[in-house]
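Two complexes follow with chain A in common, the first pairing it with chain B and the second with chain C.
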Partner chain A sequence: MAHRGNGGDLRAGGFVVSLIRVAFARLLAAIPMMILVSLIIFSIPYFIPGDPAFTIAGPNATMDDIARIRSDLGLDRPIPGQYIAWLGNAVTLDFGDSYLVGRDVRTMIGERMEVMLSLALLSTLFAGLIGIPLGIIAASRIGGVRDRLAVGSASMGVAIPNYWLAAILVTYLAVEWGWFPAAGYVRIGDDPGQWLWHLILPTIALGAISAAEVTRQTRGMMAQTMNLDYIRTARMKGLPPRIVIGKHALKNAAIPVITALGLQLTIVLGGSVIVEQIFGMPGLGELAITAVLGRDIPVIQGIVLLTTVVAVSTNLLVDIVTSHLDPRVVIS
Partner chain B sequence: MTVQDSATTALRVKELCVDVATPEGWATVVEDVSLAVDVGEIHGLVGESGSGKSLTAMAIMGLITHSQSARVTGGEVLLGDVDLLKLSNRDLRRHQGKDLAMVFQEPMTSLNPAFTVADQIGESIRYHLGASRKEARERSIELLEEVGIADARRRCNDYPHQFSGGMRQRVMLAVALACEPRLLIADEPTTALDVTVQAQMLELIRSLVERHGMAVIFITHDLGVIAEICDRTTVFYAGQVIESGLVGEVIKGPRHPYTEGLLRSVPADDDLPLWWIDGSPPLPGQVSSGCRFSPRCEYSKNECDTHAVPLRLSADGRAIRCALADDLSLNGRD
Partner chain C sequence: MTVVPSEGAAGSTTGEATFLRKRYESPSRRFARRLLSQKVATASGVILILVVLSAIFAPLLAPLDPNKTDLRNTLLPPGSADFLLGTDYLGRDVLSRLLFAGRVSLVAAVQAVSVGLILGVAPALVAGYVGRWWDWLLMRFTDALLAFPPLILAITVIGILGTGLTNAMIGVGIIFAPRFARITRSAVLSVREETFVEAAKSMGLSQPRIIWRHVLPHLLSPLVVTATVLAGMAMIIEAGLSFIGLGVQVPQASWGSMLSTAYRFIRVSPTLILWPGLAIMITVLSVNLLGDGIRDALGREVRDMSS
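And then the complex of A and B:
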């Protein structure tokens, strides 16, 4: 697109163009990182103790059995050759078959990805919907009653471990009072209502810490922003608080808040392992634990790669939104 | 430049008092300040940093009500017949940005980096005058042209960071003028700008005042600037008005020793050594009961420190807060 005037207004050429530019630049920047990640994922079998061929073959196997398994898996080939072959498959999401169950890893992960994505997205949404308004309310009068309440509950929220909160929620809201299902998962395609119903408690358990963190972040940013000169200008214009706060302060305070939300999404990915277990959900967490305990290398590799991709795409999304919010950010 | 005899008063400030929070409690930093600004008049407030001139302006603009570190404790701010200090926040907002507006000292930070300048200029037009988005935009372009932004139709879509400091201050002026306010407050609008740009800015403000016929409060610490564009001036010292009058008269014939000291401190063209006033102003909450300038005053006598000195009005419209005013013969500048 053509540059105009002082460095050119990115949006003059259309929002979509600038969006594609940002996305493209970030994707290029992500390539070296993804290569590094792929190297690490590939090396997992060489770093963990024990030989997968032994594991698969079982305790009563002969040395011949083990050698056969090794050659089947390509473990006897030179390492660079193994890496190239592995990478070629990995790009097409082909990680081979599970050592333990013998099923295609891609299918196994695909079945369980919905649980993880539902949980991660809903918890992050929950964190944003609770944390952002709470932070704004708290910052509207620093030191006031509502501020102290918000800060107090946020500090508590950050301190509460998600497994404890999950256990409490299950015990009371599900088992004792029967308001929510205690366990299980319904696919969104089967019954969206039941899907949401089953996800409410896990979402709260998983998103509470993030909501508290987002509250603190929003409050801090808003409080800082409200003291800036351009907020004084907005007040000078006689604009009502909803415009001064909702327009002038929020758009500038939003950038670190959105960055924090993105970070929370990746943290939630990790937290979901425990929460899935407590709520008996057939998610990736359960699969990951089984795979790690059974040294099921292809499954571990698949899961690690998938989580990396989710984390990288989250960052990409955050970058795009941020560059849209702040006209000073120019992606070169 | 002289004030027309028939001029009507646009703003009248009566006995305004402002306190600020200090570690020792509330301290009065603006004390019994009274001002009158006529339509079409540029009224200069001059004084050192901390003398209370900016806080006076913030109080008039109604920006102190929001702050926890300062509060207005008394007085009246009459814009026409309305006492702005008596209004609720909601009613005050109807006047802010519409009947009175302000240009701040910091052009680099006073505009919101996240919105285009057209948006920020047009905002008060839309909010106060109910203009449509399109009307506000057209008006913003006119205003940008008026404050001397070249190629305004294209530049109005730019963001503040795409303008230089001087240009941003012009944009800020357009923001303030958007609803044709009756009173414009300019708080050191040229202090942060390059010297070459300062003169252009002063010229612009003066031409805008002539065209729009508004009243202006112009705050500066530079008596040279006062001499250049103001009609009347009020000199602040330690939160009090110490002298006030027509600019020409105050500069040629100051009647308060502090004003004389300020005038002598303006660098001259000749080779005289630079003059300064020894000492520093008293801190808030640590003022003496007598004349506040007395410790730094070369004419000071014992009587200066015993009684509070009232602001006396003389027949020619001057106001002086000095017990010795009638006995002193002070030197001004030409």
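And then the complex of A and C:
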């Protein structure tokens, strides 16, 4: 059963077994990459000219202070040992204390992660909800008026900087006309309605480029699929276009589109740093900027590691789901 | 392809010669003809040339010194006497700043793409050609760099190198490097198996020479297409980083830093935010559309590779 691979086996037991096999294979393949990622993040302080102990100790420190800080941070140990120790802590999300404010980085990030995640997830959702239908409509008659409108607006959308769009949305829809809140964030646990209400403008601003990108991808894939023989057959059978597009073509085009959505989430995670600033949201963006300006290395490392883990796990998940959906993919 | 009318059934030697002469079209010529036949791409190219020219000749075109403050004339609306697009909160001429900021954006895009090309292409060329564990290592490294959310990676690099435009663009270049590396590698892998490379090898040419003379020219087309797309992206990221203060530093103007000061005074002067945004949008749009045109004009292989 399980050894027959994923495509041909439709029974529930085989389904789960093959899903686990796919997931395991993908996870295994991602390990060398994750080790490299962790090495890169670990080595950030070593790229910075100067000694982190000096940075923490401040301008008035004595040599004794610096020596004490060095041994506290483990900087006097050999580098491979430091890496192992760092990795061990990082796995439990322990990045030490902020150099600037002396607080635990894990709590600092934890307080702010919700904003970034909410914004990233909603923006990706927005991109999918707008981009996929638009792409399908465009591809249903390539070269037609709707197609040209969709392609035109997608080209514009890709070129509009999200922070500019955000600023314009705030100015007109929030400040001038008062339709939406201009700034701030409400936790989803406190009031889900207000949470969504405060996130609408940031989501549109951040998701617009992604929506445009998804439109282009969907249109491209659908256009390719519509030229295939089996679609012609379906049409010749006299099936209505709705069924041909919705049932036959969409299935084939779905996988690359899902992959594209996963990639957009990665991009949006970074983009939220800027958009959060415009809407005055207490997210990771503000923290990241202060950390970079003050060279607060533990905070930088924490933010990079956490956002990268979110990005990698999303894409891994997308990868597992799509390769499971696609009967052509063979897991070696 | 233009259909060449036959010179008559006789097929004389002169007829054959004209036939050949007419049919032969150098690759660069064919590329130019295909590109110019696309209206959108041509128009984008013209707009882009205008933007580049206005940036180069900014000192001649700008009506005023972009950094000269005039505190008696702050936040003037567009259309004011002497200030065509108005002034900012320090009374600086917006039009002049816009023109000079164009230089910053274009230079930034060139910097970022160059860093990406240098860091991405050279290792991938060697790895793709030499193969084995070099190739494995490079691909894992590319995967690792691609795993980071792009903007977060750039911000981290700025955290290491310090703020400033060049440092920011090195960061953006590092985001681009794995993208260039992937395209280079896949192109090298396909070219490596071609007969002309085998022929060069059997003639005893050295590896570096084969790479330089025979492999590299085949990479040009996909790299040009990718570079155009990424240049547009670089401009958007540059403006974003300058917007949050990690890119260009005062008093130098960039479209992004102009946006961020305009945003602070948006209630007093709501039009101020339009100009830099429009400048970015028009430039990026024409870069992207030109890139699409180039890709379509280059032919099928490139389209497959760079999509």
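Simple rule for what comes next: the second predicted complex is superposed on the first by the 316 of 332 C-alpha atoms of A that agree within 3 Å, B and C clash if a C-alpha of one lies under 4 Å from a C-alpha of the other, contacts with A are read in each partner's own complex, and residues count from 1 in each chain.
We take it that a residue touches a chain if its C-beta (ideal position, glycine included) is under 8 Å from a C-beta of that chain, and two chains touch if they have at least 3 such contacts.
Everything numeric in this text was worked out from a predicted model, so none of it was measured.
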item: Partner chain(s) touched by A:303 [first = chain B, second = chain C, both, neither]; value: second
item: Dominant contact partner of chain A by residue count, chain C or chain B; value: C
item: Contacts of A:107 with chain B and chain C, given as first, second, both or neither; value: neither
item: Contacts of A:267 with chain B and chain C, given as first, second, both or neither; value: second
item: Chain B versus chain C as contact partner of A:71, first or second or both or neither; value: neither
item: Doubly contacted chain A residues - partners chain C and chain B; value: none
item: Chain B-facing residues of chain A, complex; value: 4-7, 9, 12, 228-230, 232-240, 243, 247-248, 251-252, 325-328
item: Footprint of chain A on chain B - complex, ascending; value: 61, 63, 66, 90, 92-98, 101-102, 104, 106, 109-115, 120, 123-124, 127-128, 154-155, 157-159, 161-163, 172, 175-176
item: Parts of chain C lying in touch with chain A, wherever the complex brings them together; value: 140-141, 143-145, 147-156, 158-160, 163, 232, 236, 239-240, 243-246, 256, 259, 262-263, 266-267, 270, 273, 276-277, 280-282, 284-285, 288-289, 307
item: Chain A to chain C touching residues, read off their complex; value: 32-34, 36-37, 40, 44, 47-48, 155-156, 158-164, 167-168, 170-171, 175-176, 220, 266-267, 269-271, 273-274, 277-278, 285, 288-289, 291-293, 295, 297, 300, 303-304, 307-308, 311-312, 315
